[in-house]
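Handing you this structure, nothing more for now.
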Amino acid sequence: MSSTDTAPALPADVRVGVIGVGQMGADHVERIARRIKGARVAVVTDYFRDKAQQIADSVPGCRVAESPEELIAADDVDAVLIASPGAFHKDQAIACIEAGKAVLCEKPLAMNPEDAYAVVEAEKASGGQYVSLGFMRRFDREYAELKDAIDSGELGEISILNCKHRNATTLPGFVDSMMVYDSAVHEIDAIHYFLDEPIREVQAILPVPGPRAAEGQHDPMLLLFRTASGRIVTDELYVNTDSGYEVRTEVLGSQGIATIGTEVHRVTTQKPGGQWGGSIPADFRPRFIDAYDAEVQAWVAAVADGTNIAARSARAWDGYLAAATCEAAEKALTAGTFVPVTVRPRP
Amino acid sequence: MSSTDTAPALPADVRVGVIGVGQMGADHVERIARRIKGARVAVVTDYFRDKAQQIADSVPGCRVAESPEELIAADDVDAVLIASPGAFHKDQAIACIEAGKAVLCEKPLAMNPEDAYAVVEAEKASGGQYVSLGFMRRFDREYAELKDAIDSGELGEISILNCKHRNATTLPGFVDSMMVYDSAVHEIDAIHYFLDEPIREVQAILPVPGPRAAEGQHDPMLLLFRTASGRIVTDELYVNTDSGYEVRTEVLGSQGIATIGTEVHRVTTQKPGGQWGGSIPADFRPRFIDAYDAEVQAWVAAVADGTNIAARSARAWDGYLAAATCEAAEKALTAGTFVPVTVRPRP
Amino acid sequence: MSSTDTAPALPADVRVGVIGVGQMGADHVERIARRIKGARVAVVTDYFRDKAQQIADSVPGCRVAESPEELIAADDVDAVLIASPGAFHKDQAIACIEAGKAVLCEKPLAMNPEDAYAVVEAEKASGGQYVSLGFMRRFDREYAELKDAIDSGELGEISILNCKHRNATTLPGFVDSMMVYDSAVHEIDAIHYFLDEPIREVQAILPVPGPRAAEGQHDPMLLLFRTASGRIVTDELYVNTDSGYEVRTEVLGSQGIATIGTEVHRVTTQKPGGQWGGSIPADFRPRFIDAYDAEVQAWVAAVADGTNIAARSARAWDGYLAAATCEAAEKALTAGTFVPVTVRPRP
Amino acid sequence: MSSTDTAPALPADVRVGVIGVGQMGADHVERIARRIKGARVAVVTDYFRDKAQQIADSVPGCRVAESPEELIAADDVDAVLIASPGAFHKDQAIACIEAGKAVLCEKPLAMNPEDAYAVVEAEKASGGQYVSLGFMRRFDREYAELKDAIDSGELGEISILNCKHRNATTLPGFVDSMMVYDSAVHEIDAIHYFLDEPIREVQAILPVPGPRAAEGQHDPMLLLFRTASGRIVTDELYVNTDSGYEVRTEVLGSQGIATIGTEVHRVTTQKPGGQWGGSIPADFRPRFIDAYDAEVQAWVAAVADGTNIAARSARAWDGYLAAATCEAAEKALTAGTFVPVTVRPRP
């Protein structure tokens, strides 16, 4: 990884181009600059050029590209990380495929199932594999251990998955559809990750909203999913708990019932007044910061070794499944019954 | 409570008559004989007279009645405990009401909503209060603490209740309807206990059965309840876990999320081989034996002080609500959608 | 247990005489009156006669004795419960032995080892067994489970016991010697209960006192015990935590490490502000109320069946061992090194 | 960090020289090569030249030095990581100081307090700061959180620290002194880290050994430390539990009692047979692998920014304190009473 390498045609570090340097993109730049081995941020671009310049100035050897297109095509970019607004993901991902460059695309892959399917088809047509999708929970240590436990068969046959997703608070304007597209989408991918099969139908159960729910928002809510083989998944979403960030998963198998996410605390304390306990993180960062790091590190390693996509990583097809399921879940918000998920054949 | 009492017309101890001395009835006889203060078993009866005689012989001063009718009418019976098969409960409970004697009736109150309603009406017509129903979980210390936390308002407004009900195993022939009438019925009463409002509709979600489920049985299954005010309750039933007995309840409130039932273990151990943990009780006894004792003790105290029904106890009306909800839940097993619960007005 | 009993010479209920009706004695009267099956409080006595009369008036059929001596000798007293100040325990216990009546004596058995030994000798000389000592923790369910686990051999050979004893607060004037005689004495008996062997030496380790420790008080402190077979027990005493009441025991065995006392909570809650946890009881009552009930119920059963002393119960010999160990522990407070415990042979 | 840097005199990555590529050294090489951002292994050396060559061949751009002296002096080495046998640490650390190069030295700093003090003096005399000592637990997330909680004052004044150190098994020949120098040394440094003051005296409490203890080995054992301000620390060492690897710390403060290390599990499972629980890691790796990574990453960052020593890192003085305390603890193994720790003034 230095000028003494014997294979001079290869870049010393993977040179990453980052499209979009808002909160998420800037985090990725900082991550790659400080913690990801074997990569450096070579080029950034953003709709707000000043912001892009400011970020570039903070990273030795980093320059600003005038447009996503220029960045994707640039000779000094080996791989692309897309952190632009979701509406641009599809076109940018396809441009990366066409340029033959590995891409780590933040969720969502596209704004609707059709567009997501277009990315799947483009990658298939290219004959290569390029697209990793930013469902970083797959790289969380607990998720990975649970996935391995399921795959090993030690839990027996799985019938039910219980998921819980809690936020302390949400921004104003967080309507029901955002509970599907921004929150539940993570559990939707987790279902595909853990169970390795598509979701067939989805139902929304809407209890009386809590007093902190915005006008018209159903918080908490319950989504029910039925998979192709007939397994049931419950996803309880509660995004204004006023408490903390929590993500739990319980798997009911015939040989064991396994749970993750209950031990988010580290220091347990007894306090004056007769209370014991610990603190719950305020947001997702303490819970999943390591998963983001692991995801990007695994991606960089995959790019460096030419496989482009890490073993645990979500792919374009997972992005398509998520888009198709979210679309059905959105319909389910008002349907009052199970709504089928339409999934086209995998190319 | 001795011969020196100044009110000689009152019995020293509450003299209890027990109808039915199968497993449950015999347990109650042993309970009253050994652990319940202020009561003694005075008379027992059973379809199997030999069994009744054997039980009576084990208790000083206990005799056998020829029939439930004779027992209920007997001068040496102050209060009646019904532990006969469910089909006889309605008539025996009404006979107690008509005899003006307090009765603790094991669940169910009756075999259908109409019969249960008849008991409610009979008690109303009597102008007194006589009927306690054996939903003993209300007397479990954790249930009571959670009920008090809800009623105190410290959890804020409740939107969702999550219940889990797990058995290690069930007897052969435990069909889906028994999962409703024998298992879910406990959570159904718990909903009425915790939330103090009737259930309006119920839906059954049936995942692919686990490998230990009997032919035609859906185990695990998920029941969804919606209450009059729009709260949602999930009840996950899994009666062949091959693991142990567990009952959990989680309450989602706007000021707190409270959980009971996760700490059924007492001794935590680390063992050779790198495992830590504890044991799960094989059946309901270690979990709820104290609740049975507390229930009967509270009932005896209520009988002794003339109120007849303990503050926490389920009543005939709760038995009617449970019967009406179970009937709807049974229909829901095949309906595939929410089924309304028909509840007549409270007399 | 009624007037129809065929053995009229026997009392219907065990008639208990209670000596001393201060806080502890009054609790026992209320316990026997309300929760203990097969017994009633027949006679009470107290240095404050008015208090005794008031308590007697609250219990049907209960009278006041003029003195402990009269109570012990009374025909209408089958068994005696001593809850008087500790300085009187020795003489009252010996009087019970001489009267041939079972006695449950609150701790301590006596104020010094010699007096305690005198009780042991008196009981030996009587040829009977009469004395139960009120170390009620032996009847706590967790203690009993741990004791059974040790005795069963499932934990292998035991090398170390770790005990922790925490109070939220203590009354003014709670000096170091009271930390030995009032607090550590419970763990001292627990050592004898769990390990079934005497303590040979004891050392006190005194850290810098916390800011709430009274002048001259060493709180927290650490006592170290070495048993006859060479096992080590640590006892951490912290009686002004300002938090809650907690008692923990950890056993290090060659086949397992077992812990009790960590799960004193029942309802676990997540609260606004990102905290999760539960409450710690303010004093010993929620933790050990059931143990007191179980202790007295077991004693009553033992009296009724003529064995007089329950299987789990502490005896006069245990009281002597505790007294001898406390005496050494008090010396250890200033010795700075291990102090031997002098134990005379068991008669 | 690339050829476009504007400061060409500086190395792109910190070029690390690793002395000793046995298990620990090879782990560090692999760590730096795969996970540590901003560094690369430039030179390695080892007594076994073949092993060094094999390791060097696995890392692009890495060469073998003929000796530690050559490595320390080399122009292509910016900083040195010492993973040689402990007997060589002192001389190699001093050589690094004299060469003006930052060094991360695995524990121990030296084989005795005098040699450790010589390193402290050498660094003092140099006028710079060069020496980081490999007490990696300081970088464990739980340790760091607990340290921050103590330093923030939220736990109030600290009186007692309870440490537990458990291994599933040890290699043959693990004598008592190794329990001090290899195991307890970690808690000794933790005491200095958490309490920021030296230890004044130490006592060893030796219970009857467990059945797996080797001939002459006292396992488990208990070490007691008293610090300069009078705080007490218990360190329970049990290195043949046959169970798993566990490290716990409990801090007793006047405003709170905090515990770390009890939640080493991630997936909690219920299993057939009525058991619940999780697995305990077999050795220190799952528990502390992240701490090693964090330690080396922090060191690299400190070297890159010229401070040389990370904020949380142990220094030569900590190594001296550990050496002085271990020497006293070894004497305490046979002393039977508190043994003073002799600490010279900090230069």
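Some observations on this one:
By written order: A, B, C and D. Residues from 1 in each chain.
Heads up, the rule we're going with is that a contact is a pair of C-beta atoms (placed from the backbone, for glycine too) under 8 Å apart; a residue touches a chain by one contact, two chains touch by 3 or more.
Chains and their UniProt names: A, B, C, D = Inositol 2-dehydrogenase.
A quick note: this is a predicted structure, and the numbers were derived from the prediction, not measured.
If you lay the C-alpha trace of chain B over that of chain C, the rotation comes to 180 degrees, to the nearest 5.
Relative to the C-alpha centre of chain B, the farthest chain centre belongs to D. Separating the CA-averaged centres of chain B and chain C is a span of 36 Å. Taking the mean of the C-alpha atoms as each chain's centre, chain A and chain C sit 58 Å apart. Chain geometry summary: the mean Cα position of chain C and that of chain D are 46 Å apart.
Multi-chain contact residues, meaning those touching two or more other chains, occur in chain C at positions 241-243, 255-257, 265, 270-272. Chain D contributes residues 168, 241-244, 246, 265, 270-282 to its touches with chain B in the complex. Within the complex formed with chain B, the residues of chain A that make contact are 156-157, 159-160, 162, 166, 205-212, 220, 222, 224, 226, 229-232, 234, 236, 238, 241-243, 252-257, 336-338. The part of chain B that touches chain C in the complex is made up of residues 1-6, 12-13, 33-38, 40, 60-61, 141-142, 145-146, 149, 155, 255-260, 262-263, 265-272, 297.
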